[in-house]
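Before anything else, here's the structure in question.
Should a chain be cited, it is by its letter among A, B, C, D, E and F, assigned in written order, with residues numbered from 1 in that chain.
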Amino acid sequence: MFYHDSKLQYEVKVDKPNPMFAKMLQQAIGGIEGEIRVCLQYLFQAWGARGPVKYRDMLMETGTEEIGHIEMLATAVALNLETAPNEMKDEMAADSPIIEAIMGGANPRHYLSAGLAAMAADSNGVPFNGSWVVASGNLAADMYANVMAESTGRVLATRLWHATDDKGMKDMLSFLIARDTMHQNQWMAVIEELGGPKGAMPIPNSFPQSEENSKFAYSFLSTNIATNVTGNGEAPASQGRWASGESIDGKGEFSFEKAMPFGEKPVLGPPAPAGFAQTEQMTDQDGFIKSVFRNL
Amino acid sequence: MFYHDSKLQYEVKVDKPNPMFAKMLQQAIGGIEGEIRVCLQYLFQAWGARGPVKYRDMLMETGTEEIGHIEMLATAVALNLETAPNEMKDEMAADSPIIEAIMGGANPRHYLSAGLAAMAADSNGVPFNGSWVVASGNLAADMYANVMAESTGRVLATRLWHATDDKGMKDMLSFLIARDTMHQNQWMAVIEELGGPKGAMPIPNSFPQSEENSKFAYSFLSTNIATNVTGNGEAPASQGRWASGESIDGKGEFSFEKAMPFGEKPVLGPPAPAGFAQTEQMTDQDGFIKSVFRNL
Amino acid sequence: MFYHDSKLQYEVKVDKPNPMFAKMLQQAIGGIEGEIRVCLQYLFQAWGARGPVKYRDMLMETGTEEIGHIEMLATAVALNLETAPNEMKDEMAADSPIIEAIMGGANPRHYLSAGLAAMAADSNGVPFNGSWVVASGNLAADMYANVMAESTGRVLATRLWHATDDKGMKDMLSFLIARDTMHQNQWMAVIEELGGPKGAMPIPNSFPQSEENSKFAYSFLSTNIATNVTGNGEAPASQGRWASGESIDGKGEFSFEKAMPFGEKPVLGPPAPAGFAQTEQMTDQDGFIKSVFRNL
Amino acid sequence: MFYHDSKLQYEVKVDKPNPMFAKMLQQAIGGIEGEIRVCLQYLFQAWGARGPVKYRDMLMETGTEEIGHIEMLATAVALNLETAPNEMKDEMAADSPIIEAIMGGANPRHYLSAGLAAMAADSNGVPFNGSWVVASGNLAADMYANVMAESTGRVLATRLWHATDDKGMKDMLSFLIARDTMHQNQWMAVIEELGGPKGAMPIPNSFPQSEENSKFAYSFLSTNIATNVTGNGEAPASQGRWASGESIDGKGEFSFEKAMPFGEKPVLGPPAPAGFAQTEQMTDQDGFIKSVFRNL
Amino acid sequence: MFYHDSKLQYEVKVDKPNPMFAKMLQQAIGGIEGEIRVCLQYLFQAWGARGPVKYRDMLMETGTEEIGHIEMLATAVALNLETAPNEMKDEMAADSPIIEAIMGGANPRHYLSAGLAAMAADSNGVPFNGSWVVASGNLAADMYANVMAESTGRVLATRLWHATDDKGMKDMLSFLIARDTMHQNQWMAVIEELGGPKGAMPIPNSFPQSEENSKFAYSFLSTNIATNVTGNGEAPASQGRWASGESIDGKGEFSFEKAMPFGEKPVLGPPAPAGFAQTEQMTDQDGFIKSVFRNL
Amino acid sequence: MFYHDSKLQYEVKVDKPNPMFAKMLQQAIGGIEGEIRVCLQYLFQAWGARGPVKYRDMLMETGTEEIGHIEMLATAVALNLETAPNEMKDEMAADSPIIEAIMGGANPRHYLSAGLAAMAADSNGVPFNGSWVVASGNLAADMYANVMAESTGRVLATRLWHATDDKGMKDMLSFLIARDTMHQNQWMAVIEELGGPKGAMPIPNSFPQSEENSKFAYSFLSTNIATNVTGNGEAPASQGRWASGESIDGKGEFSFEKAMPFGEKPVLGPPAPAGFAQTEQMTDQDGFIKSVFRNL
């Protein structure tokens, strides 16, 4: 279960409220790279964790920290939507900057739906979506999902940092950026414990590789028409680490090959009468009627 | 631009059609772990690629391959929804197994909306969502997004492999599982080219780390109430690789610390009159009315 | 079944078309506080009504009225997207204000997708979502869902009223605001008929309260760490009506208590082999392998 | 910021795992009536709270409690997806019941995507949607949103209670049902503090009622064609509390009136040339061409 | 504005309630082929109609009829979820068939969320989505959107008709199927008034065709690798009406040509420094650093 | 399977980058009228095609072409987000125009999430949704879905063409507009092969019309209250082609009739006890308790 502190994990100050920046900050709250996603993702991974308990506990710790990050950002949004006190004397004019801002592109729902506070949505007002919460039951897959979340999350945070000149906002973001650094390292540390790429990959490592079609397990298949058909084309993709040498998981040798069809042209059966296709679809390629309708 | 072959990349055979397995296969088509996602993800990453061209080309190659995987799975769904030929003699009865299957939990839209074919949706019929397509403009972040996609994708494929006894389906899946092996390795190979975790992390590596709040960049902050408050509790999370030693990115030293608030209790201003809060919200903590309404 | 009148329920005039206000009005059409939601909500409640028929009929009446409100707002959007007649002389220039408006933050789809008319979406262009339509089959729960809809709806309408200086728009909104006043009262009148909070609550009142865990039915559980753990903290939440005195439903006595765990630390079983977790997850806390793979 | 306890708020035991009940429990996690919604709703209301601080604090307390409810339910889902220990001897057969269950209608993603654990989705696998999180900035509107959430939530919980025979599950639900009882009362207690319906309504009470069109503020408008047109029909809706007597907010008198159009038939202008309507739309009702295309 | 009749447009009887058929019927209510979609689509087209008024009026007529179709289907769902009267004697057992049905694949939300009534969702429980409501402002485009809606709608209705043996349900569906027949004809009648394909196409016909790249306006471009590259392949697509002869709009001549690139390989500029790509992306193809970071 | 060419199908040049136009172009990528939709729609129709193979092949050809259109538009978005080279000298200032543009209404995610490249979303940032992909299994229904897609698509493209002055963008759009012309004709050519409206309609033509309620198959039912009830009203909708004459499908005669109820007022049974309605709902119209609760 959970407890809360009335204080924030880190100071949130806004020197110069900016409704447009409030709009941008929403990406870090309710966007796919945002804090609701990582919070729920780590907590759901913890709640469904099977295996060594330290991973469950560690996920719970950081998932709990992330609730506090949503809180910080929600506070930052609310403060960016406020008018500075000294402009408040003329009470009713106090909202004009907001309405002007909306007229100039700010999020209208910050005023219309939320009364100048944060929402569970991204910077375009698209609601947070639970499908982004990845908890696969496979620890290594989940760790890479977490690395990805913290990587795109830190990219987002640095862009937000760059987009503002507000000293308070830059300070808050420099804290969040640092936490993303830690969390990238943290999930990679689990991968290291799991043996690194050589131990963990291919994920899941519990599936017997003898059951996969080994002929295709370490080949780069080039679909570039220059490579494949005319045969005289460039093949920039053949120049990479993925085209030759030992595979990263240490279990194969990379090769570079032309993609080509190993299957046949698929032939589906005629439509089932009860599917009510057009009658013209009931004939086969030679024009014979294959499916005959009778009194239904 | 793109071309197509009439043949499949790999053979797709269904020995014993099974509408419930058709339902499950949809996860690999239109689910978050599925082929539409990776196809569009790699193509969008290619189309927006800036920097060394070989990455763009390589992404385009594999994105193009993935279209063919959607095709294979869509074909597999259609075949699993067909009634075996020898049962087709009594034409109108041909659909009974389908309707019975729907009555027993199969996807009703496979019959109602698609006429016994595949859809751009997951195994619960939830439509594919473009928000899953990650292309951040940062190559390393994108590579981890791709590792994650192929890891959860291979986990999914192995579970599908396990859930069927159909020889044709197992064969198709053993091919797709192998391709996922390659693709996990392929994206990791790019990370290796980018210097591995030590070179690439923290992502983005172009943000000057001097600007992040370094005090919090390598500390595990424990939110466990046992660790933090009572001080006498267990702390399983302190036992991991992430709690001490050199950080994975080689740029810091891990530490394990109690999470505590560094910020204050947030105080938002009174509601703007134009937000039409309840009048009771207009008073401050001491009961003074801070916002006064006049004739609007 | 339904009929229509060619006339509007109330006059809709726009003195000075404003594409940005058209964008804001969309919240009242296709947003969660909007008219499509209440229209479908009341109609679905009516169509599924079981019990005294007067509630069904009343819901049908008001649901039907709401279709006319969507119509009024859709008309208002279309008129706000028109260029005033006197600016129409130079025909092709007629659209310049629109395109300029889009470039300045108006909804691009008002031009691109709708040809200068309303859409079934909110003020950020997020489509109406059927999940907002609440019809639970419990009359009291539904009435509170309706009070909530009309309360957030009236808040929205007053904010729209404030955001415009257009006399026609203010007049239309003053009508819609009045209807929201009526509808708030109307749903509360049903609650009164159902006995008010003392008769209706806890909702559903048909569930035998003897089956609920009565120990927790009227206690405020404080999760504030100051209250709970250090024990020396402030507890502002203890000052409210909810912390002592007779409960609102008249069936208990409020108390204020420390939240604490009554359950244990959860222990899930090891991963099922067929879930293809990482092999490292197959060991228990003491390192013994609990799940053994055999030939699959 | 937030802390966590390793223990659950209340015991979660499953005597007889049941994948179908796991599917049903998802509604209480990621459905619109579920715990993620109330958790985020109360927290966002707290984070954006303006006005007397005790409401902010109280919302934070209960929002924090709700995280623990998600945890309990997620644990319950995971346990319902486990095979009972005594069936685990034959390891590989351990999953058969799950796959059989999926074939019979259980959520395929519980196996395919989550590896036998909970997801941030409803009982049909539809992802949690952030649009459900209502925080309007108006305290009374938010309280009714909360009453509605706890009312539909308690209705859901009683139905889940009824749908299971599992003693552990019934016990857990009897606790959650009790908490819903408290929370319904709690939000009503705030309404009482705000003056009850007479003080709080119409919501928002800060909007000057002189600005609403008072003629329509307390009239039930009957759209029933029997009432309106033929004039000889039944009018069951005229029998309710909403049709006569003092209004619930004490500020008006209910009346029952025929709905009729007060507006005109709307006339929109001709399509703007740049909207590229069909040329036939460019003529007015008399056939004159109003919009003329020139060389674009 | 709108009125309602207490009676249904057509009789709705269910001889043998069937929760699984209730689930299937939801597709016709809240699915993309369903009645909420056509209802809102025709009404939004009417509300935004510009040009000859008879189209606006006609759209309003049929949009209003469709509300009554949602009502019929919602009634059918509610009746299919009821237990037949003679089984009602043992009151509490009355729900057992429902819960059994859910356990066997019926929609759990029909019980859990709706209390045995219809919802604004499709047959998989996916909510209705406002994005399906097409109203483009171009009359011909809208008419084809309507033809498409009624065509997929009638296909759906015939499949539902086939899936049930219930006499009442078959009768109701035979009415709805007939209405779909009328509506398909109705929208085509508008197309005929607009001149048929020769007059209306290419849609929009108000765009001067001189501005389109006429070289590509009537050519079938074959992307089949057999056609294009090897040159020795089959070309089944060359056999169709679209490959030669006068175009359907009468404004061109069909031809069959090899698809080939007319553009170049795209070259995007280097990443903007503020995008925080990886530093490795800052070099050009020759390894020169194009974007230089300075102290930010 | 699929191959790719490194070159674009048609040249994409941007003379003057414009982030607002990049935002608008997104509608043609990830909007309901956009290229991802048609691409997946034609491919899914091909992959599920049953009946004469030439349709499958033709759909595959054009679906493959559309991938190249997504590519062109994605390239156009990326180029519109670039700063012109001569403004790049001061490196760090290079992004200012972007941030200014976002502050003025451009899509914030183009910078924050995509690093100045295209996304799988529409012009408001709403993600592409797989529900738009229509593949019904009925060839004629699918062709009308395709005509609709290309009609709304061409309307969109002409509006984009009008909204820009950029010579490169106008050229690219004139190509795409031409392709839409071809594709409208192409799908109509299939309809012609299927016998035109007289042969193909009502869709599906394989459903025996004897089973539909022929009385309602060709009647326009007027819901206009003027037509229906007062009987003295105008009836503009009676003036159309749909009101009299032979039906378009040649199988009936149009008529114009008053809509009226043929069904009864629906009566649902009392709530099932296990639905936990309010107890007040358990009484019938005469006040007798129909459902009695006993000890649960």
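We take it that a contact is a pair of C-beta atoms (placed from the backbone, for glycine too) under 8 Å apart; a residue touches a chain by one contact, two chains touch by 3 or more.
Treat the numbers as computed from the prediction; the structure is a model and nothing was measured.
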More contacting C-beta pairs: A-C or C-D? The answer is C-D
Residue numbers at the chain C-chain F contact, same meaning over half shared and different meaning under half, come out as different
Per the C-alpha fit, the turn needed to bring chain D onto chain E (nearest 5 degrees) is 120
Chain-centre distance (mean CA atoms) for chain A and chain B, in whole Å, is 6
When centres are defined as mean Cα positions, the distance from chain C to chain E in whole Å is 26
CA centroids of chain B and chain D: separation to the nearest Å works out as 27
Among chain A residues, those touching two or more other chains are 1-9, 32-33, 47-48, 50, 53, 57, 60-61, 64-65, 75, 78, 95, 99, 104-105, 111, 113, 115-117, 124-127, 129, 131, 136-138, 140, 152, 155, 158-159, 162-163, 203-204, 207, 211, 223-225, 229, 259, 261, 263, 266, 268-269, 271, 273-277, 293, 296
The chain B residues in contact with chain F across the complex are 1-9, 30, 36, 40, 43-44, 47-48, 50, 57, 60-61, 64-65, 67-68, 70-71, 74-75, 78, 113-121, 127-131, 133, 135-138
The residues of chain B that touch chain E in their complex are 1-6, 47-53, 95, 99, 102-109, 111-113, 115, 124-127, 137-140, 193-195, 200, 203-208, 211
As the complex stands, chain D meets chain F at residues 155, 158-159, 162, 225, 229-230, 274-276, 296
Contacts from chain C onto chain D in the complex sit at residues 3, 5-12, 32-33, 53-55, 57-58, 60-62, 64-65, 72, 75, 78-79, 82-83, 85, 88, 91-92, 94-95, 98-99, 111, 115-117, 126, 129, 131-132, 134, 136-138, 140-141, 144-145, 147-148, 151-152, 154-155, 158, 161, 171, 174-175, 177-182, 184-186, 188-190, 192-193, 197, 201-204, 207, 209, 211-225, 236-237, 239-242, 247-249, 252, 254, 259, 261-266, 268-269, 271-277, 291-294, 296
Per the touch rule, the chain D residues reaching chain E in their complex are 20, 23-24, 27, 31-33, 104-105, 122-126, 152, 155-156, 159-160, 162-163, 223-226, 228-229, 234, 259, 261, 263, 266, 268-271, 273, 275-283, 285, 293, 295-296
